[in-house]
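Structures incoming, each one as structure tokens.
Look for chain A in each of the two complexes below; its partner is chain B in the first and chain C in the second.
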Partner chain A sequence: MNHLPDAGPRPGVRRVWRIDMALVTRAEGRMYLTPLVGFLLLFLGFPAIVNLIYSVSTVTFETLRSPVLSGFGNYVAVLNDREFWSSAWFSLRFGILTASAECLIGLFLAIFLAPLLSKRPVLMAPLMLPLMVAPAMVGLMYRLVLHEFAGPIPHYLFEWFGDSPAFLDINNAFRTLVVVETLQWTPFAFLLFYMAYSAIPLDVREASSLDGASPFEIVRWIDLPLMKPTLVIAFFIRFIDGFRVFDNVYALTGSGAGGSTTSLSIYVYQAFFKEGAIGKAVAASVVLFVASFIVLHGLNRLAGRGKL
Partner chain B sequence: MKLSRTSFALMATLLAGTALPTFANATVTVLGWPGGSEETALRATVETYNKQASDADKVELLFFNREGFYDKLQADMAAGSSAFDVNLVATYSLGRYAPYMEPVDLGADAAKVFGESVLKTMQFDGKQYGVPTDLSLHFMYYRRDLIDALMKDDAAKKTYGEIAQKYLGKPLQPKDPDSWTWDDWAATALYFTKQVNPDSPVRYGTVLQMKNLLFNMMVFQSLPRSYGGDWMDKDGNVTVDSDAYKTGLELYKKLYDAGSSPKDSLSYEYAETNAAFASGQAATALQWNAAAADLTSTEKSPAVAEATGIVAPPAGPDGRADHIHGLGLGLNKNAKNKEGAVKFLKWLATEDAALLYARSGGSPALSPDVVAKVAKERPDLVKLGEFASKYGYVMTGATSAGALPVYELQAKEFTGYWSGQQSLEDAFAHTKAGMQDLLKK
Partner chain C sequence: MVRVLRWIVFAIAVLAMNFPIVVTLITSLKSQRELSTNPGLWISQPTLDNYLEVLTQTSRFNIYAYLLNSTVAALIGTGLAIVLAFPAAYAIARSEAGKRLVLPIVINLRAVPLIIFAIPLYMMYQWLGLLDTRIGLGLILTIVNVPLALVILVNAISDVPAELDEAAKVDGASSLQVMMMIVRPVIRPALVTTFIFGFITAWNEFLFGLMLTTSRAVPMTVGASFFFAASGGGVKWGTASAVMMLGALPPALLGLVMYRQISGSMTAGAVKG
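After this line comes the complex of A and B, so read on.
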């Protein structure tokens, strides 16, 4: 598909753009798109429809293939469930805190380490390593690292201070989980920020420097505004990942004492598998889907208006 | 970046390689219980079986994580999976999986090897659904050296009495662990707690498994049971809010709050408890019998192996109680190789296979004649049989299809109480309402 201008602007006439479809006809285009649309319908559309049906049905593992329609009772049950709201609150808090921490530390590291990394790019590799570990393995690893009798951290704390805090008790579990998530995913934010920072033309910085701007002013008035789109995108990607957290939390604390570390994903998992309340679990996931859709649509509109 | 022809070809080969199906040599796939002595024993037993089996009957093992094991198994089986021919079953989930399994005839000799009562742990609706590989119950592990020293020291006995009076309101004296009541155990745990008694030679008096996990509820259950606790009465009314459960739950909380168990106990399960006891910093631990091999091995637990004593769980007013729970292997209805699978299961039920499994670290409950043959290497198996027959129990309603969700529910609500997030009354109200719903189905 080519975007070709007309033979140049004439005085008093607005430039007219014409879409040239000479290479591919409309029918051919549709034909080429058919496999993709078919794939999407099959692998996204079908489960979505099954989900919608299950969410308004009475269904168990034994009756997976023959659900009985039963109205909106599952939605009422979910919205009246105090655990649904407490897990939504956990996920929201977790998502915002981890995304903020990862972006702030990632930004600091990107700007602070940029001179070093431009000379020694090989240092990027060890900084990226945490991203290579599966989140569930990270959870298991910290279960060992923080164990009072087997882990190195409590061992040295006992050795040096004669005591070690309970990292996973009811008061500290949330903080520990936030730190574990932040340690693993800060490199992701750092990588994006470093790339955005490196892409800022040097002459802009040099010009501002010649005009007498201090390094802090350059960061504040030149670098950060130019990196803004990346900052926003990184924050939202990290927020979405934090909000839907499952693996490392589940491996480290399970759903927590009295369900205190139940994220929304863990809530859906437990309703589905542990309680066998398939309708309720699917209804919760539909509520989550609608909420996510509204947020993402809102963001999209903001981005469209050039506010991001 | 420019790719040379060679590196391009290598990358293409790598990509193509990831898309190719893998080739399996074995034709009978067995899904076992992962991550414990059961896995070690099954691996060793299967190795021997494969040496004698024909190529078509060779067994390949499949393990995934313990976390959510039964849920994944249920999803797989409900979907009609044929990824495994033989799968794990447990007494408490037999009702849930039986619709997706086929009964198997183990032959008359199986009863001679295991005994009728043990075979029954794998029966549903009168049909045999599996070979009972392991019987799980709980032992009270304790440090013989510490208790012996306490019994010989008059000053220590006096302190013990004072601590018992202060925390439990009873003038208790140290006793031999085999005659402990739960109060004696609690007093001993408090005495050996640094936070309570700065002179304690170890940091903690006990290790409580308090993670929000259904298996931890099985461990806890024997305490209220020995006070007469049950899930339901004869008429089918849920009785979880009884004085027996109240006593048990309060005792756990009292010990946890007093610092008798590690601070992170609310995230402890089997492995953490083993690590804590094996470190030599805990005086007692109510733990699964499967841990006996590790905790008495000088190689695996050098700090405590020589001094680890084993008795049945302490007594309550109704005597002693020990929660029994059988694991076994049975036949998947959608198995691809049923013939090979049945051959393997029948072999597993023979005396030779059961003894091999026992010698490799498994915990089969064997009939007295058979267990005598491994008594020297596995004295804990003799105890296993003895405790199961004397103190073994199953809660009323605990073999129904809703049993596992009941344990899940209790785990969530009881840990909520222990961690101070809700009152005992609220925990009881939520548990009772949930159990009424689950056990009604």
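After this line comes the complex of A and C, so read on.
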């Protein structure tokens, strides 16, 4: 693209080209970036600074605009709070379990259903529908689905087996939420995997099939290695979304019986809105920010090495 | 044989993943009386009464207000995100600016738990008088939408041959003219995809709707939960289900449009490969 037609006979063109080496100069580029950067600084940069200041201050709803610096007491309070650690543990387990389940089921569906879907792409639509519904709305829907009198699942369990577990009590809520999250977001992993799988040239598979490879061997030694970048990306996206989960958990169980379903996001929300413990909520936010920064930094380095 | 098995797996997957939607749809079509005796998956006397009630008796909870709030806030959140991201994407794709800092930071924003910013934003909104306003909610939804918008648009502009820009430049067009009159029409499909995707995301957002609105600007996702607040005799499952179906309808319909675009770009990729 940088080859000019014969330079000699058209000096005018050549002169223009020499002045503007880049299509858009760096100064112009900065100008085009300014609105976005300004917006982000106002809506994320400013809050980040407020977070940092308030996290080392004593502040209540009454003294919201005049925080008094008071050192790291808020951080100590957060890090000594058993609730904080149990919610961190909840988020971590939730993220890993749901991401794993979603990727495994999604991978199976993508490969197993590929022959069906490649002939009839319209079948993708019902598989993708769960992604279009608000997670909060899905959480509310499960209140109905699992309700002991109005819900069909307890109804049929009672009818068939004479008993139905309390899906949302302290022992079962975590498992129930994992299933709820997995069922809604498996389509996301499935979609990524199906696209990656479809992008593998058919002749690669045909060639190995001619060489006597079984379908299982083709998946194991051809497809999976080629899909590896997508597998990694899908897992991390789903892990992060599971880790910071709020909407469906809040809508379905809130913080749960005995705080059994308090994710980190719900912890921060409750510290602020329910307890009014602003300093603690803000300090927890900063801790969460640092944690996600570390995870993201590691992820980016991993991605950089793998040229993703 | 395997073909039959594939169909069975497909059917199970669709039913399991869409189960809450199916149950809600069925429940929304049952009469108040039938609901108390029949929680199963069949309807003996389908009725639209629940929808009628939701759409006509709006004195306590006004579903039109929630739908309007969601629409306005989502339009602001999507439109503004594109207005901000498009020039930035052009700069990133065509110049040296923004590649090393802005792009990675914005991409990673997608993965940051947004609750981190929620509390200072709440205070900031209180100072600015933006609490419980559609504009305020729309501005936050912009933040939610910007990362994906930027990625889609940078990819789309990078796919446009630079020769097109060069030709226009040689003819004396400024970079602003190139951006608006050459690049923008060429990447129109990507802009549409971004818009639809952003609108769905914004419509479905819950956390900021919950925190930043209380009455006047409540979006549909938050408003739907009001119908679960027991009104004396417990939850009225029929009306609550009708509300959820109506609230889930706009993004679901748009999603069907988007599905075509996704499969369209999929086949385009297949042709290219």
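Please note the rule applied: the second predicted complex is superposed on the first by the 280 of 308 C-alpha atoms of A that agree within 3 Å, B and C clash if a C-alpha of one lies under 4 Å from a C-alpha of the other, contacts with A are read in each partner's own complex, and residues count from 1 in each chain.
Quick note on the criterion: a residue touches a chain if its C-beta (ideal position, glycine included) is under 8 Å from a C-beta of that chain, and two chains touch if they have at least 3 such contacts.
Everything quoted here is computed from the prediction, not taken from an experiment.
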Of the two partner chains, chain B (first) and chain C (second), which one does A:G29 touch, if any: first, second, both, or neither? second
Which partner chains sit in contact with A:I170 here, chain B, chain C, both or neither? Use first/second/both/neither. first
Does the superposition put A:E62 against chain B (first), chain C (second), both, or neither? first
When the two structures are overlaid on chain A, which partner does A:P187 contact: first (chain B), second (chain C), both, or neither? second
Between chain B and chain C, the one with more contact residues on chain A is chain C
Chain B versus chain C as contact partner of A:F149, first or second or both or neither: both
Contact-wise, after the overlay, does A:G276 reach chain B, chain C, both or neither (first, second, both, neither)? first
Go through the superposed model and pick first if A:T253 touches only chain B, second if only chain C, both, or neither. first
Where on chain A do the contacts with chain B and the contacts with chain C coincide? 64, 143, 147, 149-150, 250-251, 269, 273
Residue set of chain B touching chain A in the complex reads 67-68, 71-72, 74-75, 78-79, 99, 210-213, 262-264, 266-267, 272, 275-276, 278-279, 281, 404-405, 408, 412-413, 415-422
Chain C partner contacts - residues on chain A that touch it in the complex: 1, 13, 16-17, 20, 22-26, 28-33, 35-37, 39-40, 43-44, 46-48, 50-51, 54, 64-65, 109, 112-113, 115-116, 121, 123-138, 140-145, 147, 149-152, 154-156, 183-184, 186-187, 191, 195, 198-199, 201, 237, 240, 243-244, 246-247, 250-251, 264-265, 268-269, 272-273, 278, 281-282, 285-286, 288-289, 292, 296, 299-300
For chain A, which residues are in contact with chain B within the complex? 61-62, 64, 143, 146-150, 165-170, 173, 250-260, 269-270, 273-276
Contacting residues of chain C [partner chain A, same complex]: 3, 6-7, 9-10, 13-14, 16-21, 23-24, 27, 35, 39-41, 83-85, 87-88, 90-92, 94-98, 102, 104-106, 108-109, 111-124, 126-127, 139-140, 142-143, 146, 150, 161-163, 165-166, 169-170, 175, 178-179, 200, 203-207, 210-211, 220-222, 224-225, 228, 235, 237, 240-241, 244, 247-248, 251-252, 254-256, 259, 262-263, 266-267, 269-270, 273
